[in-house]
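In this document, chain identifiers A, B and C correspond to the written order of the chains, with residue numbering beginning at 1 in each.
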Amino acid sequence: MTATMMLEPRVTTSASDPRLRRMRRRRAVTATLRHLGLIALAALMIYPLVWLLVSSFKPNEDIFKDLSILTTHLTTENYTHAWNAQQYPFGHYLMNSMIISGASIVGNLISCSLAAYSFARLRFRGRNLMFAAMLMSIMLPFHVVLVPQFLIFKHLDWLNTFLPLIVPKFLATDAFFVFLMVQFIRALPKEIFEAARIDGAGHPRMYAFITLPLMVPALATTAIFTFIWTWSDFFGPLIYLRKPSGFTAAIALKGFLDSQESSNYGSMFAMSIVSLVPLFVVFMVGQRYLVKGFATTGIK
Amino acid sequence: MSSLGELRVLAQDRKNARAGGAKGTRRENLAGYLFLSPWIVGMLVFTIGPMLASLYLSFTKYNLLKPPQWLGLGNYTALLQDPVLRHSLRVTFTYVFVGVPLQLAVALGLALLLDRGLRGMAFYRSVFYLPSLLGGSVAVAILWRQVFGKNGIVNGALALVGVHDAPGWIGHPDYALGTLIILHVWTFGSPLIIFLAGLRQIPEMYYEAAEMDGAGKLRRFRAITIPLLTPIIFFNLVLQIIFAFQSFTQAYIVSGGTGGPSDSTMFYTLYLYRKAFVDLQMGYASAMAWVLLLIIGAFTALMFWFSKFWVFYDD
Amino acid sequence: MLLLAGCSSSTDAATPTGDASGATDAAQEPVTLEMSWWGNDDRAALFDQVITDFEAKYPYITVTQTPVPDPDTLFNRLATDFAGGGDTAPDVFALGGSKPQEYGDAGALLDLSTVADTVKLDKYPEFSLTNATVDGTVYGLPTGGNATAAFINTDLFAKAGVDLPADDWTWDDFVEAANKIGSAGLTTDSGAPIMGVDLRVQDILGTYAGQKSEYGVYDWDGQLSVDPSVIADWLQIETSLRDGGGLPDPSVVVQNWNVSTDQQPYALGQAAITFGYSNLIGTYAAGGTTKIMLPPHDAGDSTGVALLPSAFWSINAHSEHPQEAALLVDWFLNQPDAAALILDSRGVPFNPDTLAVVTPLLEGDSKAAAEYVQTTLDSGTVAPPQPNGGANMNKYSQDAESDVLFDKASPDDAAKTWAQKLSADLTAAG
């Protein structure tokens, strides 16, 4: 147990004033260096996005002629044109994406946490085998299961509905998140569960009132990733949502492209920025819950 | 209501359960299956069937258009003699075993740095995550050409330090794979977030207790942070390796789906995709998929076995 | 089943013989057709107009468009549909490459002779249908034809002080001009270096093979026809371009293999010469004043340029409404109203009646391209179609090119590998 491991050494820190001041100064210097490094890295990471943003305000024919992000000739025309360029206003596709992503988040949060609790805290016959089967299911490249899966949804008569994209999420088919939550639950201190058990809590209560609040960071991670992955998924919606009325933003975006002749990159970039906004918002909201784990919930 | 006797019984239960491995009490069995029931339904309806179907197809000749014809082990023996397949394995292994450790090291290092209550942390976190938001978008291919092309940003920087004859990295058979590895490292946002979430979940009381006991920073880091983070490190390692083995989108986008130049970015799954949908040999592709599953499965099993020695679970 | 043949043979848009359809409207059950193709939102808007007219003429038919950005995406979706029995595939879709052969052979496409009363085949020259013909059965109609051409940026030739090539320029002339311009040290306004030739091997190798061998890359039996030495000669030309400065750094050649036309150096004004299909002239002209002409050919050789269908319209064999689907195909290809809208955007029409509508409406670059296509048509050169198993040819050509340009193989060895791989594929598929 960690708690006992760190009990032995007792270093006494009776810092005198000058030492403390020196330490503070050193700390300020290292903090500045750290920030400089991080800012440089941040610039490197963010450059492409800045380029994308600037390009979305350039006239289409200028985008590849002048790749620089320092340009003066900017226009909002891409945005106004692109929003209504397709069969439905772009907002229609955003709404479809939003419905699918929202439902997927709910589905993944419920079903994956249930499964994870079971795998992490319960001993039952066949557990290891099932866990292995779950992992195996994500080891097979999706190209070879695409056709059989398509057949299933076809026989269920779910084509042209959101069901093929949503229902599996309610059945914990995303092994990634199940495994993620398993690891988080297993990292929780066992004393909490022991204490609850002593108080007479059964598994439903331990799941709902102890495990879930304690794994808020993992749930936030799941929500963020689910949103981002379903939002940018292309192949699934393409195969299952066949009518333009059901298209997601990811599919609509490619409607500006023509791989052979000329594409409306300006429009595509503009709507890319538009469809990145919800992603960014979800990320900003979600990440706030990353800091609220155990630290603030607190246990006695 | 709790009593010491009850506690002892419960503790004994747990001990028994653990001693018996996966065998549990009837009550735990029932609870286990109930909690798992959505997953079981999903597995039976949506996952097992397609998996078995692909296994069956791997023993057939199937062009998607006509019914599959039984071939026995034909696809598997053909696999053994396929030079492109061997080559694609080499490319994939390089990508996995260089790209994944690099990406995780960067993500873990930054997570630890960002976790230390740095001012502006939310800002950095968002900025570092942004590249991962772009994901597999078409813009990535365009951007990557700009960064690693002949007249790209990298060569611009090299020219400043006096290197003028640098090739276009993305179009050179010796370096194209390297640029994809860098692209992989560049999208370290996902493991970073998971590491951060893991760090945030470590109970503050451990640190408080340790600080009261006078443990220094380094000691607290080694005795609390690292051990309690090992399950998360393990998770990232296993999943990133699984994903990297299946890496497809980036190579597909950057090479225009060809795996070029000279097959230098011909990832295993890219080759599999070409077999399935370009050459219409779904049977062969299915056999490839199951070989990949065996390879990934073997690595995963090895990692699970090895995890006993370094991953710390409190259960 | 009502016969709707009456309204499709009309060549006179002003006085529709649509009495038959008008009279039967009341008796018609509403029909919805799905139509899939690749292209961008501009094309979607154009087709929308065409479809609106179609729906006005046949009020009981509703057409839903499901466009995708590139052929591969469409073919992947179709393959999935066909694997599932085909009834979920669109009623009408575009095909290209060897797909009409593959799908037709598998029984996934409607035999167009079964709807011959509705959609006329007889106006189409026989060679324009070979790509979509399996064992004498026609499974698709070409949207139009394109021919490989050379594009010359006359501004850049002038800037470099190089004379414009003559119509009968040879490969040596080509190499000389490209090398001169590529070594002149010119740059664009934004500072990008200007290359002699913007080369994508897959766009010209077939033409070169056509000049130097009887049939081209393939013969009429779907076997490899070109001798590896011809491929080696081509790769040799590329090394002289590389060494003479006509080609940019090999890594730049590779980098531009698979970029869409509007991002190619030529279209950005960064190259003096390129090869490509004639219908791309509009996109290429964005790079500067562009002249379209025959690719180089040595004295005594043929031009190697054949008119190739750019895409086909095919009908799903499992469509519930084959007659209506045929009406739609006929509308897109054979009716003057549609032709006046579509013009040559899907290639120059093969149907002479449609062409007669389109030709007077073409202007500028499009007109030049159409004239170029007409000369090709007049020359009568016909190339065997890409057979089953030919799907990887472009990739193998790119492999050979990069092996040679990066000095990883000699032209002879690379050409041998190219021939080996391709004939192995052809044998496996045949």
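Criterion: a contact is a pair of C-beta atoms (placed from the backbone, for glycine too) under 8 Å apart; a residue touches a chain by one contact, two chains touch by 3 or more.
All values derive from a computational prediction rather than experimental measurement.
Trainee: What graph shape do the protein chains here make by touch: line, ring, star, complete or other?
Mentor: complete
Trainee: What are the two chains with the top count of C-beta contact pairs?
Mentor: After counting contacts between each pair of chains, the winner is A-B.
Trainee: When the centre of a chain is set as the mean of its C-alpha atoms, what distance in Å lies between subunit A and subunit C?
Mentor: Here the centre of subunit C sits 41 Å away from the centre of subunit A.
Trainee: Can you check how far apart subunit A and subunit B are, centre to centre, with Cα atoms defining each centre and the answer in Å?
Mentor: Each chain's C-alpha centroid was found; their separation is 15 Å.
Trainee: At least two other chains touched by the same residue of subunit B: list those residues.
Mentor: Touching at least two other chains: 64, 277, 282.
Trainee: Where in subunit C do residues touch two or more other chains at once?
Mentor: Residues 80, 83, 263.
Trainee: What are the residues of subunit A that contact at least two other chains?
Mentor: Those would be 67, 147, 254, 257.
Trainee: Flag every residue of subunit A that touches subunit C in the complex, lowest number first.
Mentor: 61, 64-68, 85-87, 146-147, 150-151, 154, 159, 238-239, 242-244, 254-265, 267
Trainee: List the residues on subunit C that touch subunit B in their complex, please.
Mentor: Residues in contact with subunit B: 72, 75-76, 79-80, 82-83, 102-103, 105-108, 192-193, 248-255, 257-259, 263, 391-392, 394-395, 398-399, 402-403, 406, 408, 425.
Trainee: Going by the contact rule set out above, which residues of subunit B touch subunit A in the complex?
Mentor: 1-2, 6-7, 10, 17-18, 20-25, 28-29, 31-33, 35-36, 38-43, 45-51, 53-54, 57, 64, 113, 118-120, 122-140, 143, 146-147, 153, 186, 190, 193-194, 196-198, 200-206, 209-210, 213-216, 219-220, 223-224, 227-228, 231-232, 234-235, 238-239, 242, 245-246, 248, 269, 272-273, 276-277, 282, 285-286, 289-290, 292-293, 296-297, 300, 312-315
Trainee: Tell me, which parts of subunit A touch subunit B in their complex?
Mentor: 1-3, 5-13, 31, 34-35, 38, 41-42, 45-49, 51-52, 67, 110-111, 114-115, 117-130, 133-141, 143-145, 147-149, 152, 168, 170-173, 176, 178-180, 183-184, 186-190, 194, 197-200, 202-203, 207, 214-215, 217-218, 220-221, 224-225, 228, 232, 234, 253-254, 257, 268-269, 272, 276, 279-280, 283-284, 287-288, 290-295, 298-299
Trainee: Spell out the residues on subunit C that touch subunit A in their complex, using ranges where they run on.
Mentor: Contacts found on subunit C: 34, 38-45, 48, 64-71, 73, 77, 80, 83-85, 88, 188, 190, 260-263, 268-269, 279-280, 282-283, 286.
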